[in-house]
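The data blocks that follow each hold one structure.
After this come two complexes, each holding subunit A, first together with subunit B and then together with subunit C.
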Partner chain A sequence: MHSFGHRANALLTFALTILALMCAMASFSDNFNSPSPTADVQVLNINWFQKQPNGNDEVSLTFNISADLQSLFTWNTKQVFVFLAAEYETPKNSMNQVSLWDGIIPSKEHAKFWIHTTNKYRFTDQGSNLRGKEFNLSLHWHVMPKTGKMFADKIVMSGFRLPEEYR
Partner chain B sequence: MGWIGEQIESIKSIQIRQLLSQAISLGMIVTSALIIWKALMCITGSESPVVVVLSGSMEPGFKRGDILFLHMSKDPIRAGEIVVFNVDGREIPIVHRVIKVHERQDTGEVDVLTKGDNNYGDDRLLYAHGQLWLHRHHIMGRAVGFLPYVGWVTIIMTEKPIIKYILIGALGFLVLTSKD
Partner chain C sequence: MDWQGQKLAEQLMQIMLVAFAVVAFLTGYLMNSFQTMLLIYASGVLLTTLITVPNWPFFNRNHLKWLDPSEADRHPKPQISSTNTGSKKKSSKQHQK
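Up next is the complex of A and B:
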């Protein structure tokens, strides 16, 4: 009845059940955290703005980002992936999202940051619609947990506008 | 030796009726596993609700051997989401993050560009020759949950099939010899 096999089986099942329960509880506890992150972005310069030979507009920006994402971190947070995306509408596309910069925040100590940079990925339109275009810059974050459910949210900053002429 | 001898004795002593009931309980285990898998497929709307991360291209977020839970809803795909996609001509699905989205005004179709967090450049080199964008039909699901290390079980079993056969054999042996 109580052979070695039975005991090993019972022990393994019990250990795995407890482990699964602890993972579920750790993930559930994230719901009690109500974060209040802040962010601000300033576009400092349009470095260049041109039409590529294939007809798509491309622009290069210099901007700075200051953000405080410390409140996103809980004990179950492995890292926070943060990125800045330009979002705008064109006659052809109802939604254009172009990631301009991203970064990985490994710990709470690094979650309050200030960065001065040019766009890391190319800001290219599908077509030639960027002259005089109004766009939003949104700072998105993606909380990656040690285990369980992932969370994502964003802060939208509106009122940015590209110049009327190529330069 | 005592334990193994005991188990062999118990196999020898199996009667026809007992053999049948053992076979049925084995069948129940297999079918309930299948039912759980298919139910997950229905709930998540994804043809593979759970995937194992095979490469380090999303490190340090996802490491090799971690597993991801997928969900495929009608919601539009947005930048920042981690999606699992199939590229024509490649068998293994890839788990990467969306960095660009262009959604059509009239048809609602999307052009999506992805990149691995740990890779230097975007994924156009991984796509089929000449392909610039991913479309809706390439995408199998978006990652919603994460569990570390569990995927090593399947990685080890696919890379060392002998371990898989030993494990299945041992489990079958235990089911046949158990008396309750």
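Up next is the complex of A and C:
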């Protein structure tokens, strides 16, 4: 009854149970971290703004993003996914969300960044509602932990407006 | 492995694993390193395996003392026909099975 195999099995079972418990505690410890991220986006230029042949508005922007997301990182953080979304309201849909740029931050050292870029993904409306449209730019992030629950949050920056005329 | 050895192996295994887990978690948390936690715990599990799984000599220090056959012959088993309380209990137990 108390053979080599039985002892090895008992040890493995107990060790893995404790490991699961440790992972759960590591995940729980993330709740004690109260992050204070900052972000700022400036739209530098509207490169072009036109109506596609199929009737949809499309705009190309140049902007720079500066953000400090270092406080999101804890010992249980694998990486952070960030994306910048343009959000606006149209008569048909109360919430339109278009992803303009995204990135993966692999470590805390890279979490304070400044980037000057044009939109990585096309800013196209479903329809022709973008002229003179006021929109928000929100920096969303998803904190991906090594074990446990994923956290997501965002910073909304409002007060952007598209021009009245195509160019 | 004798009875005392089995008890010792079992207790040693549980205490060592829990101790290593506590040390690993605190070190990892304070050093802000998940990897450190895993490395300390893995080495702890390995050490515990080496100590408690093989049948080391120190688990066999309390040998079982079997009765000599001649001693057993001198005290024969009580017969079932001799009705005393002991045999009644035995029969009732067998019923329950």
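Methods note: the second predicted complex is superposed on the first by the 166 of 167 C-alpha atoms of A that agree within 3 Å, B and C clash if a C-alpha of one lies under 4 Å from a C-alpha of the other, contacts with A are read in each partner's own complex, and residues count from 1 in each chain.
Just so it is clear, contacts are C-beta pairs under 8 Å (C-beta built on N, C-alpha and C of every residue); 3 or more make two chains touch, one makes a residue touch a chain.
For clarity, every value in this text was computed on a predicted model and none was experimentally measured.
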item	value
Partner chain(s) touched by A:Leu11 [first = subunit B, second = subunit C, both, neither]	second
Touching partner for A:Gly148 - first (subunit B), second (subunit C), both, neither	first
Partner chain in contact with A:Ala85 - subunit B first, subunit C second, else both or neither	first
Which superposed partner A:Leu44 touches (first subunit B, second subunit C, both, neither)	neither
Subunit B versus subunit C as contact partner of A:Val156, first or second or both or neither	neither
First (subunit B), second (subunit C), both or neither touched by A:Ser94	first
Which of subunit B and subunit C A:Met25 touches, first, second, both or neither	second
Between subunit B and subunit C, more extensive residue contact with subunit A	B
Touching partner for A:Ile115 - first (subunit B), second (subunit C), both, neither	neither
Footprint overlap on subunit A, where subunit B in one structure and subunit C in the other make contact	4, 146
Interfacial residue positions of subunit A with respect to subunit B in the complex	3-5, 9, 23, 27, 78-79, 81, 83, 85, 90-99, 102, 104, 106, 121, 126, 140, 142, 144-150, 152, 154
Partner subunit A, residues of subunit B touching it in the complex	3, 6-7, 60-62, 76, 78-82, 97, 99-105, 108, 111, 117, 122, 143-148, 174
Subunit C residues touching subunit A - in the complex, by the definition given at the top	1, 6, 9-10, 13-14, 17-18, 21, 24-25, 28-29, 31-34, 37, 41, 45, 48-49, 52-55
Contacting residues of subunit A [partner subunit C, same complex]	2, 4, 7-8, 10-11, 14-15, 18-19, 21-22, 25-26, 29, 74-76, 146
